[in-house]
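To keep things simple, chains are lettered A, B and C as they appear, and every chain counts its residues starting from 1.
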Amino acid sequence: MLSYLLLSGVTTGALYALVALGIVVVNKATGVINFAHGELFMFSGFIAWSLHVQMGVAYPLALPLAVAAGFALGALTDRIAFRPLIKADVISLVLATVGIAFVLRGVARIVWGGKGDYLSFPPITSPEPIMIGQIMVIPQQLAVLGGAILVMLLFAAFFRLTRAGKMMQATADNSKAATLVGIQTARIYTLSFGTGAAIAAAAAVLMAPLTLLYPDMGFAFFIKGFAAAVLGGLTSLPGAVLGGLSIGIIEALAGGYIHSSFIEVSAFIVIMFVLVVRPTGLLGFSRLRRV
Amino acid sequence: MTAALLSLRGVSVGFGGVKVLDGIDLDVRPGEIRGLIGPNGAGKTTLLNVVCGIHGPSQGDVLLEGRSIVGLKPSRIAALGLGRTFQTSQLFRGMTVLENLMSGLHRRTRAGLIAASLNLASYREEEARAEEEARLALEFIGMADFADRPGTALSFGQQRVIEIARTLIGDPKVVLLDEPAVGLSMNRLAEFDRLLRRIRDEKGVTLILIEHVIRLVMDVCDQVTVLSSGRRIADGPPDQVRNDPDVIEAYLGKELRARHTAS
Amino acid sequence: MNLFGRRNVLLALFALAAIAPHFVNTYHLFVCNLILVYVLLSIGLNILVGYAGQLAFANAAMFGIGAYGTGLLQVHFGLPFWLAFPLGAVIATSVGLAISLPALRVSGLYLALSSLAFAQFTQWVFLHWEKVTFGAGGFKTPTVSFAPLPVSKPIGLYYLTLILAAVLFLLAQNLVRSRIGRAFVAVRDGEVAAESLGIDLLRYKALAFGLSGFYAGIAGGIYSAMLNFVSPEGYDLFQMVLQKAMVVVGGLGSVAGSVLGAGAIVALLEALREVKGIQEIAFGAILVVFILFMPGGLVGFLKRKVPGWEEPLHRKGAGSAPAPAAAPAPAAGEARP
């Protein structure tokens, strides 16, 4: 029981971790939270569904296509709701992304079904559970977990090794200095919004065969990803991964040992508690105010 | 010698292992204008932040009128009579100049939720007095005509002076000014010099002045403290500090030494 | 003074609202009542977000708590509406004060998250604590009686809402131009500077949360009575975006704007009633468009175009001295050009 719960917790947690990574990438670069992040995740999942189920594109090809679409949507979010507002206050910035979120959600509802309409994504592995040692494992979970780890590694490599990734890092560390050395910060912001959404898209496509797709799912993933990011200190990439895994495991355990309805709510209780007791997250260092 | 109004006793501050202030002692007597100078990054602003309660010191104590104020909330410390201005303009963007001044009266006014929302007579009288006092405070700095302008529509220098007035209106005993003269032209500087003296003489307020315009500091301050890399390297009357070889060497550097020998 | 100034326009709107029941049918009376409910919500939210600058997402939840509180106290304890309604508002106020606790320690984005988590938690309680809340299906509440007054329930409820909205509007308007309103704006525009002037962040953030909870609670109690029914979906994310759209469309940091925003949004909601599918898109897009192109909202537009719409943060004319001409007189502090 415990090992089964842990495995499914880690699997969902890995998806939360990916969503959280995207949130952190945007926050590191821009200092804001993209409240449309969950909807970008949801939308990319539906795009993959259309490609794979409706148009018959093979899964291994649908995945990168949806990731590219996610990147484009993220970059578009930057152009609409961040770049024109770069001098505005945080409240305006956040509310603009909230607006985008509802537009995406409404569009998804019209295109892919109304409230309560769930679309299923065909499994890409055998749905039969297998036994590894004592543990019952659904192959799809392993595929998701493996895929998530692969995406994290790819992203780490991108961030550490490529020129674009290094520029993103430099901008996050010190945007003034980055401007001085000739980095065009506006482009870095676009790149960050795009990259964040691309990671979310990968998460959505990995998750799709495991569950159902529905227009309201974005928000649930967003708030859990956000919670994971905050647990990890909001600007730490490894922190986001740890935060995501923690939330996945907590949910699975709460669902298994208390009641299935607690799956939903345990993350919210944890996050309210953490924010009161330790507002800077588990890994975050207290940032002192500068005046 | 009168008792100190504000004292620091061995105050140290560290940020993530780096010591930004290292065992600072300071005594400011009532009625003094104290200069606080030092190169960029010396820890001057950090010192003000510790005094007004934004950071706690990792060691040492801060006393206002002999009472420790370490650990109190900034708003509490302000209520005890400590005012300050900031290195960057901190006027409230959504308010006119007059309203900014009136918000400086916050702790000297009383109207609560009921009196204010019901527009009771007690509140209306208090509000009228507050407005009048705010207008007088604007006259004091010679900016009465600017009352109804949005604060952010003014020049940087004007904003800084309004901030000083906003702090003064709260009737503080001591005011900490963080680089208030940035953005002032040479002829405005002379006026500013007079303003600082008037604040001390007419309002009876003790001042601590962080400033890069050395001429202003040497001119107006009774005592000057020099910080460098978080340590106090000199303390005394301007003439003594000006000639202190440590200061010339460690802080003022080549440029001023050249000028110094030239004059 | 100014014929189309804020005061006259709002008075005219009030007069219109007061005689409206004589001219409109039952359905439109319901819509008018809904506007008044949203006026209450919008004023409360504007105090919190527009004045005090706290980015909180729990207003829809507090609206729900007011509605559930009022309804459940009647259903479970048999309390009359006239007792359950104020108690529901008290509960919402207390919850508002309670969720301000994290806001005092965490600011900005963290507050956004903790209030979102709280809103989701509230939804979950409405849905899953079935013994008390009756779950997803919701529950019916008793019809409010206005006896011994000779008015029907819809008319009585309408006038009750109108009186409450007018009174709470005036109280809010007085409040925001007092030292308390200035303290809110100071906290919004610069926490550190506000504290340096002796403004206690804890106190004023808690006050703003408590007030917004109170307004939302009153609105919720009335809403439950209007519908005779309470269910979780009235207080969900769509409700959240509606309320955010109201304060942005009306104008952040404007009590008068809250009224205009509520009217505009409910009118649009009605216009789109036949095409529910595009409501989310419409309100999301409105939020984006106003933030991008009309950041001051409708009131910002009126302030620029029509004299007499200013909302100063102090009582105009309380002190002396007419506004001087804007000639840039020389002053200490003029910067070098």
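Note that a residue touches a chain if its C-beta (ideal position, glycine included) is under 8 Å from a C-beta of that chain, and two chains touch if they have at least 3 such contacts.
Because the structure is a prediction, the values reported are computed rather than measured.
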Going by C-alpha centroids, which chain is farthest from chain C? Tell me that one. B
Which pair, A-C or B-C, has more C-beta contacts? B-C
On a C-alpha centroid basis, what's the spacing between chain A and chain B, in Å? 46
Roughly how many whole angstrom separate the Cα centroids of chain A and chain C? 32
Take the average of all CA coordinates in chain B, do the same for chain C, and state the distance between these two points in whole angstrom. 39
Multi-chain contacts in chain A, i.e. residues touching at least two other chains, fall at 289, 291
Among all residues of chain B, those touching at least two other chains are 54, 86, 90
Note: chain C residues in touch with at least two other chains are 192
Where on chain A is chain C touching in the complex? 27, 32-33, 35, 80-81, 84-85, 88-92, 94-96, 98-107, 109-110, 114, 219, 223, 226-227, 230, 234, 261, 264-265, 267-269, 271-272, 275-276, 279, 289, 291
What part of chain B is in contact with chain C in the complex they form? 52-54, 73-76, 78-79, 83-84, 86, 90, 92-96, 98-99, 102-107, 109, 111-113, 116-119, 123-124, 127-128, 130-132, 134-135, 141-149, 155-162, 166-167, 170, 183-185, 188, 191-192, 195
With touch defined as at the start, can you tell me which chain C residues reach chain B in the complex? 171-172, 174-175, 178-183, 185-186, 188-190, 192-202, 207, 253, 312-315, 318-321, 323-327, 329-336
The residues of chain C that touch chain A in their complex are 49, 53, 55, 101-102, 105-106, 108-110, 112-114, 116-118, 120-121, 124, 128, 192, 237-238, 241, 244, 248, 252, 277-288, 291-292, 295
